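We call the chains A, B, C, D and E, going by the order they appear; numbering starts again at 1 in every chain.
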Amino acid sequence: MAKSAVQEFTKGLWAEIPPFRLVLGLCPVLAVTKGVETGIFMGIATTFVLVCSNVIVSLLRKVIPKGVRIACFIVVIATFVTVAELLMQAFAYSVFMKLGIFMPLIVVNCIILGRAEALASKKGVGVSFADGLGMGIGFTLSLFALASIREIIGNGTFYEIPVFGESFQPFTFMIEAPGAFVSLGLMLCIMNLLGKK
Amino acid sequence: MGDLILLSVSSIFVNNILLMQYLGNCPFLGVSKKMETAVGMAMAVVFVMVLAGVFTWVVNTYLLKPFEVEFLRTVAFILVIASLVQFVEMFLKKSIPALYAGLGIFLPLITTNCAVMGVALILNKEEYDFIHALVASTAYAIGFGLALVLFAGVRERILLARVPKPLQDTAIGLVMAGMMSLAFFAFKGMA
Amino acid sequence: MSNRKLFVSSHAPYWHSRRSISGRSYHIMLAALPALVMGFYHYGAQAIGLVALSMSSAIIWEFLMNVLMKRPTTIGDGNAAVIGLLLAMLLPATTPWWAILVGTFMAVVVGKQIFGGLGCNPLNPSLVALAILLLSWESLLDFDTRLVNYDLPFHMAYPLTALKNFGVSVIPNYSLFGLFMGQQSGGIGTAFGLGLIIGGLYLIWRGHIRWEISLSFLAGLFLTALLFNVSDPGSYANPVFHLLTGYTLIGAFFLATEDSSSPVNFIPMIIYGASAGILTVLIRNIGAFEDGVVLAILMLNVANPILDKIRPKAMGRGMEHA
Amino acid sequence: MREMIRLFVVILIFSAVSGGLLTILHSKTEARIEYQELKFVKGPAIKQIMEGSSNDPLVTRFKLKDDTEERSFYVGIFDGDPNIVAFETFGKGYEGDIGVIVAVNVENDEIFGIGMTTNKETPGVGKRIETDVDFRLQFNELSIEESIKLRNDGGQIDAISGASLSSGGVVAAVGSAKEIYKRLKPEIIEKLKGFKT
Amino acid sequence: MKPFFKVGKAKLKFHMVERREKEVVEEIPLPANVTLFLKKTGSGSDNLLIRVGDRVKTGQRLLRIGEGDSYHISTVTGTVSAITEHTGYFGHTYPAVSIESEEKDQWDDEAGGVGKEPTAENALQYWGSLPGEPDFASLLNNTPPLDTVVINGVDKDLLMTTNQLMVKTEIKALTEGIEYLNKLTKAERIILLVPTTLGPLAEQAGAEVRVMEPVYPDTLPKLLMKKVLGKIVPAGVRCENLGVGFLDAEAVVALSKALSKGEMCVSKTLTVIKKDNTLVNVKARVGTSVKDILEHLHIETDQGDRVILGGPMFGHAIHTEDLPISYDTDGIMIQDKGRIVWNSDTHCVNCGECVRACPAQIPVNMLVRLLENSLYEEAAREYDMLSCIECGLCSYVCIGRIPVFHHIMLGKQEYDRIRSAEESNE
């Protein structure tokens, strides 16, 4: 049991790291990686929702009737998304503003419903927790990596701290919509080159 | 009237939901490899997005706002959309089986499509009145369909091209989406 | 049988028109020459250096990608050089070296090679690069500040910037014939209308570009500009001004006609060209940008695969045999 | 049918529990969120304009009914006189509305200063309306009676180069602020009296 | 090479019969050894009537074609020295019979007898191997019965002059042949098609004469159907299925000679195209090797040159000059190695030349992409592969020098294979 929980945790960090291996939940990845700050906060919020909903779904898996399974999952997820929204408004309002509608949109992030449906509704609490945490951290790392690249090249800063000299004019393309797609595509290419090991 | 036209142009092209607002990318990349499925998905999304826009507008205006529970927006909207999709599915299956055969497989996927939810959120955030909400959601949906169909056309060719192995499929699809979004800058400032 | 002669075997046909990709590339470069020479005359050694850097760096990127992707070397087909040349022609003579390197990288690697190389690019690579440069460093394409150190014997304000900022009142500053003869600021190879037309006609005559595209582009642009102009002469410039300024002519003959990203059937070519022309004027007159050629063509490039589905019925298609 | 009802009831219970939990959380965080919103959205601009005031304008505020809308006004007290009143207006920018805080000196009906709140202008282009101090300072001490226009349109304001649309948006916002001020001036004066120390 | 205002389609003009080097047809002496490719075997080599070591006479039956009553005949008298399996175009295999020939022809008795009684049944047995493609026998047995026969006095491929020459020099035999055709077939119309220059001459032949500019590819059957008869042949359907048969003028002349004089046709007239593109017309015994013909004409070839059976647009290149000519070899073309334009494996650059050139309005630029990716069924369904009339112009004009035509022929072949595999599964 313990071993499998560890496995569930680690696979989210590389072997099945979202969004690269599971090509789902692309929209937030594109939208919030303009800067490292929003990337990290989005990652944390998603992890929070992922872990909590995994745990609750796993706990209630015997109670929920099959016919309304998905609807119930969605309510659980939406509840935690709202919790995250309220907490972020209260304690990190500036980030909340930058995330905009992508905060409530966590509710439709395919990764979360996908994990609830594929794993948490079948397995025990421990495993579900580990899975959620692994996937969440993997997702956060991906966001962090992509956001770092985009912010450094596209804005000349890292966590809003300038990294180049005065004369550098940032490559704004990277933080605009087209650059988001292109850099995610190229990053996916690099991940494919590195393989799954 | 003029502002409705501007709103349409803006929502179809200038603020294209897919290419400028990063919403609905999973179906964008998932079903664009074949023109037929792309067209099916586009039609399904148009259908649901317009309905979802209208229903969530009503819920927001006549339930959430009067009772001052706007913080329940996320829960309420997703429930509205999920049950809407369910009803549409049941309705089509019973009354228009031909259409159901075409759109059916796409409908469940749409529940968790962030473009639909996104449009619902945008409409209510912008505080449109009913007519504007209706026009905007229709226009966003058309913009989604347009981008999807154009993309599917390009994608069919890319599938026949000599794309290097590690870039094949999703990776090159994303790069192409980026280029398309670049091209959509053409409409900047037009509305 | 030891010294038996062996012949070369292959599939028919055994004759060939002897046209080639590299030949086409070199013809394009040749056709670009008249316009380019005027740019060299106006902007001197700096312009020559810029074109050289752009072409050589494009070739180097192409070569590096060939090596990296373990594919045959393709720099011989001249396409990389064409891409570099066309990009340089669009830029002001004072573009910094690093922008050229980034530009040719974006054109050759992101615009073409990662899609599989020549013929696989869905969009015109030079225009992809230009759009990316424009998006990132708009000041690079601000001809007025870029060319402020040149004092040439004509009105140096970039016509389309002036038009955007000050409206039609600026048009009398320019003589239409002067614009036609290259008496305007702009990219190294975009100002000399006559030269571009000569080059374009040469390419059409030699069959290297599809005249339908060039012609319908110019017609679409002209008619749309005319409609705007007639509806409100006080706000919108006359069509000839649109025809002779900015990237219009280089767009019609050298950019919209890029093979891989434009249609090959007749009706699609007409729709493609005309729509690009129309969109160009829309962008210039009511959009955010001074010139619309680049983005209009990119937009139509995207639509190309769908457009090109309109095609004549093949002989005997869909007929039932009784 | 019974089955349907059962499923419906399950979802109802889920939703009710969710709604209940969230309501509790919301009531606990409400006050904090409201302050945060003020602080992050309008706060920076107001503070910037009112630098050197003896009060916290975010606290010293009042509301007035303008037609159907309710507007918030923030008061700046300098040397004991509550003569500066600031409020938010909007103008159409390059991409969506630009929010502008306009502060008016009620003594002489001159603009005391302006500051930017929310906008979606392009970083490096339109965003310079926020970062370019000289642009903002041009509005200071212009009279409410004066017509304020961009230089291109024959006025006195130099647009930010490359961002005349954004600049125009700010000018339009200031224009509508003038109207609001003129309309509500008597009531404002009345209210301000209450803050005199 | 030929820059022109690309409005119309690519058209290549024929070499007129006047452009020959010499007016006479050079007779190639009977070689010591002939090899006969028995291409139309239908059901394989079980139908062989001879064995190695047998002595055969000129005109003797060698192999029954398919299940019918039609035979391949020997073109010389001599001893069968070998029977081997030959692999030809796209892997089709058929028997090759080598015969050491004797100097004097000894005619097979039965073969001679045909002339006395020119009935269809009698004649057909021997005429599986009349010159030209397709063969006469199958034309007569065609379903539906032919209602139109087109006699081709213009050659199909560029530079070929055989049929034009026949019209010019054998107009009498041609006229007789047309009479026989009237008797043998139930065709309502017999059309003689000649180049403009030969129009007046052809009038005396007693058939409906049509003249045309001999430009390629208008001379291909399906385009003739369209231009001469005003009929469009549906994609994937053969002209014969519409009741229209095409015969080479040479075949009609041979038919006439066989029926009137009892002379079976054992020789073939063909055009030899030298490296400098000058033409010589020769007549050789079917089965003579290319080498024998070239040696007689003193034509030098080198390792690395190209030798083509047929014309420049759809002939078949051979790798050794030991191969023989057959009844359907209209020409031999020698191409210097310095003039060979090599194919390359570039991706289609979408230049559109092929689309302009294609006489069948096929979107070749897309078709070639699908074929490159082995999507044969899609190519047939969506990109009109089956409409291709096999003219080769797309390859001729392709600036990427992609072997487009090769791709298409392979594609059709693979498509047929897939279809027949599917049918046998059902």
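FYI, a residue touches a chain if its C-beta (ideal position, glycine included) is under 8 Å from a C-beta of that chain, and two chains touch if they have at least 3 such contacts.
No experiment lies behind these values; they were computed from the predicted model shown.
> Could you tell me which chains are in contact with chain C and with chain D alike?
A, B
> Steps needed, at minimum, to get from chain C to chain E via touching chains?
The fewest touching-chain steps linking chain C to chain E number 1.
> Most central chain by CA mean?
Minimum centroid-to-centroid distance belongs to C.
> Which chain has its C-alpha centroid at the greatest distance from the C-alpha centroid of chain E?
D
> How many angstrom lie between the CA centroids of chain A and chain D, rounded to a whole number?
Computed from C-alpha means, the inter-chain centre distance equals 33 Å.
> Quick check: how many Å separate the C-alpha centres of chain A and chain E?
Here chain A and chain E have centroids separated by 68 Å.
> So, what's the distance in Å between the C-alpha centres of chain E and chain B?
59
> Spell out, as numbers or ranges, the residues of chain C touching 2 or more other chains.
Answer for chain C, listing residues that touch two or more other chains: 110, 114, 116-117, 119-120, 132, 135, 139, 288.
> For chain E, what residues touch not just one other chain but two or more?
Within chain E, residues 347 contact more than one other chain.
> Spell out, as numbers or ranges, the residues of chain A touching 2 or more other chains.
Within chain A, residues 71, 75, 78-79, 82, 86, 170, 172, 178, 182, 189 contact more than one other chain.
> Which chains touch, pair by pair?
Here the touching chain pairs work out to A-B, A-C, A-D, B-C, B-D, B-E, C-D, C-E.
> In the complex formed with chain D, which residues of chain B make contact?
69, 71-72, 75, 79, 189
> What does chain A use to touch chain C in their complex?
Those residues of chain A that touch chain C are 169-174, 176, 178, 182, 189.
> Can you list the residues on chain E that touch chain B in the complex?
Per the stated touch rule, the residues are 347, 369-370, 372-373.
> Within their complex, state which residues of chain A touch chain D.
So the residues of chain A touching chain D come out as 64-65, 67-68, 71-72, 75-76, 78-79, 82-83, 86-87, 89-91, 93-94, 97, 155, 170, 172, 175.
> Going by the contact rule set out above, which residues of chain D touch chain B in the complex?
Answer in residue numbers: 11, 15, 18-19, 22-23, 26, 94, 165.
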